[in-house]
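Note that the chains take the letters A, B and C in the order they are written out, and that residue 1 is the start of every chain.
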């Protein structure tokens, strides 16, 4: 049938399909496409005949049926009467939550460790090397389970906080409790008027950027350097605090208290979340540290020496000369580590954190028996997350490329 | 001249440098206490190290090697810390799972032979002929692990010969397209020929070793089996995908890129779910692979995408001159790839391949989530047994240490390779 | 031309590979081994010992079926399955039957396409707490943290129970029993809930079982039984009547010890029909006449299997309760062998 698609040249012979370079690549491509389609058709045909035998055609109506199970950590309204689709959304949000938390902590840790590894201090450099080599070469799943075991076995049970001479006590003026069911911390309660404080706070952040630009221009014009850090801190804190009091202290804290079986009130960070978060961050930080180190090492020594010759102090050399160049090298692997971290968050299933894999790919799959549909949706969701992260990376890579002259 | 009161006639002997400028002290001043900040960090670091070791060492140094259960450890007044008896008690299980004791020489032999098989790839001083052993090893190794009739692996290898003969016969008629015929001939032989021929040959001349079903695989042996077969099988697929991704044929490029991005976009665990609950649905009714084979298939497909990226890196690192030189010699695509490009690209890629092997080996622990008894899965089983119920840290430490030793030495080796390759340019 | 040959070959491969399998009975006989899905490890029901030999209540059902079909109670390949994969393993044909303390429910029977072949254990969901928690009833559990094993009917029952009673709780989902035990013992959850039989088995393995108690409430019906794929009636019949033979044997007083004596022929025609000395029931099943003798010879009758694995003389120490014969006030009852 491939023959029919070919333009009929005057002296067209069959063998030209193979030996004429004008046609050969088309022939090969059509054969490959044919094989691919045949393969996919074969798989789908098998699937349908297998499913027909069981009388189970693929069917997504289970998504709108009540899920029937409860989820402990939910960022949006959810009860056992909600639909499976809603449970999927709850799981997605939990995945994103731990991924974002993990990315932030991993970056902070990774950058510090990567920089410290290049420290002139022998013991610090060695310690950081040891950290990287230990965490890079141990399976992440073991780290997660290990962290969970620490939380379960080492932190005290809530009941030990009970009574006059309790065996455990809360920290920070009775506002934080570390228990083996998770950490209980004060939760901010927003009353009317808190909106304005929030807006002021956001405006202050915008103000910092404006100030930063102005300060830079001023520095370029006059050569004077302002104590940027302190001024920025002031802009960030003072207006918000002032408005907080003007509005009559609309934001208060709800402290956790021991009531009944558990602590009530406050914000409950479950140990599954914390274990997963810490394990993911510590593991990924080791890889980020390596990327950071490689990025800094990639900067030619001449750059540092030239900057030093200009009379810049070491801190300023780092900030003005090395880092801006190193970032270009560091950020692509950094983003791919974010991608890995997000994918690795699916190991949540080992500690019972209810992420995507736990809800859609776990309980929903089990309870409805719709394995094919659930796993398909699960893979599509992860794929969508990964592709969005890659898109950000490509966007960044292109924007960096443009700056190169 | 007499004003000249003193002229030194002999050289002063060399004086030792001031105490602060030599040896230990100088080193310490420069490397540990070069500034106030550094001094503080040094002191804090030492304090942390000492504190951790003071906690850890007494806990670890316990005469508990002979204990038969956690109860014995707790009752023994001499033991106040780690209960290492569990490692002695379950060592065999952690290594081989439920593989029959009498047959455990087979996995051991398979590992030794594997080292022989990879040697010619890693050390270029060995005789080239050894590559033939490397080519046969996958079949030999699989046969050693799973056992059964010796005819099966021989006939599988024979499939390649059949493909080659078919290629030679068709080559005169249709030229390079004979490749398709050859592949088809081999595939048909593997799918439909081997079963009956092997059974027939076995009934004529039974040679073989005891078959071990894969449900008895476990422990580190299982991790190694999945990791090594995943990497070995993904190598050819990865090469094809990498070439496809570089190809200027649109459809082939799209298919390769699509596959690679699809696989790299989803977590391994979802693919393992596919292996555990879905893969059988995609096979013709009545066929059944057992779970470990299905896991190996999915792990291979997973690793192939990463392998393709590693090899693509190797291809991209080759100077364009190499491609142009191959073209200038008048070699066709496959010849230039086989003779010029691939040998160099693969050589550059070896550190990357070792790196992805380390990653894959660590990732094999995920199979515990779908119920296979790899070391992590065995930790759970052992914790659930009556003797060791309640034990937490010892098993984690032991398993982590083994994984760490393996991965760390591999990563050191890959770094050594990288350095060696760098100087050879 | 070449392409048509190619496509033809692919199509031929598809057809050849697509040859449908015969009935499960023939498959099992051809393989010479019964592939039986069991739990990944629940002491008393199905767990491997240190040498990897499987033993337990569910395991003995598998062995009985293997004995009926293949004549050898050891011709079983046990496939340990997590609760997640058990159903797909059965429907994809990876196993021939599933005996994994699985609850018989409407949707599993009707929607998932399985046939439950009977009930070998009447169970119900219970709660285990520490005695020093000071709780005497499940209605006092408002606000408690509860460990659940996921992938079972348990979590649905739990959600229903707390909702109908207007109570709140904090679920801690856990993949397997060993880990649930660890969390419960360290106090990371107040309550552990699952089938009462499994709770009893778990409690028995604790260092100080007396510190823990089962609450009196049983919040669900959990009839556990073996199941097979729907649409293969001859095979379903074999599994169903193997279980029935075990139960009937207890009812009629046929034990492992007196089996030979009984098989020689008795005055009771039902025993004779079951053991094959009278009539041709075995032939109707597609087996030989003395299939039931082999079934009972493996581990004895239902009562003997119960006592050996989970009965009061074992560490698990379950009383017969609902699982006594109907003649003794329980629910265990079979249709007659006629």
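Note that in this section a residue touches a chain if its C-beta (ideal position, glycine included) is under 8 Å from a C-beta of that chain, and two chains touch if they have at least 3 such contacts.
Everything numeric in this text was worked out from a predicted model, so none of it was measured.
Novice: Looking at B-C and A-C, which pair shares more C-beta contacts?
Specialist: By the number of C-beta pairs in contact, the winner is A-C.
Novice: Could you tell me which chain lies farthest from chain A when each chain's centre is the average position of its Cα atoms?
Specialist: C
Novice: Approximately how many whole Å separate the CA-defined centres of chain A and chain B?
Specialist: Inter-chain centre distance comes to 27 Å.
Novice: Go ahead and note the Å separation of the Cα centroids belonging to chain B and chain C.
Specialist: 39
Novice: If you average the CA atoms of chain A and of chain C, how many Å lie between those two points?
Specialist: The answer is 42 Å.
Novice: Where in chain C do residues touch at least two different other chains?
Specialist: Where chain C meets two or more other chains at a single residue, that happens at 6, 14, 18, 84, 88, 92, 175, 182.
Novice: Give the residues of chain A that touch two or more other chains, as numbers and ranges in rising order.
Specialist: 31, 46, 49-50, 53, 149, 153, 349-350, 365, 371
Novice: Mind pulling the residue numbers of chain B that touch at least two other chains?
Specialist: In chain B, 174, 177, 180, 277-278, 280-281, 284-285, 369, 392 touch at least two other chains.
Novice: Using the touch definition up top, name the residues of chain A that touch chain C in the complex.
Specialist: 1-2, 31, 34, 38, 42, 45-46, 49-50, 53-56, 68-72, 79-81, 149, 152-153, 157-159, 180-181, 259-262, 264, 271-272, 349-350, 352, 354, 358, 362-363, 365-367, 369, 371
Novice: Which residues of chain C touch chain A once you look at their complex with the stated criterion?
Specialist: The contact residues of chain C facing chain A are 3-4, 6-7, 10, 14, 18, 83-84, 87-88, 91-92, 107-108, 111-113, 133, 141-145, 150-152, 155-156, 158-160, 162-163, 169-175, 182-183, 186-190, 229-231.
Novice: Give the list of chain B residues in touch with chain A in this complex.
Specialist: Residues of chain B touching chain A: 30-32, 34, 38, 41-42, 45-46, 49, 174-177, 180, 248-252, 255, 261-262, 264-270, 273-274, 277-278, 280-285, 358, 362-363, 365-366, 368-369, 376, 379, 392-393, 396, 399-400, 403-404, 407-408, 411.
Novice: Quick one: in the complex, what on chain B touches chain C?
Specialist: Those residues of chain B that touch chain C are 71, 98, 174, 177, 180, 184, 188, 191-192, 213, 215-216, 276-278, 280-281, 284-288, 290-291, 369-371, 380-381, 383-384, 386, 389-390, 392.
Novice: Using the touch definition up top, name the residues of chain A that touch chain B in the complex.
Specialist: For this pair, the touching residues of chain A are 18-19, 25, 28-33, 36, 43, 46-47, 49-51, 53, 119-124, 127, 133-134, 136-142, 145-146, 149, 153, 343-344, 346-347, 349-350, 357, 361, 365, 371-372, 375, 378-379, 382-383, 386-387, 390.
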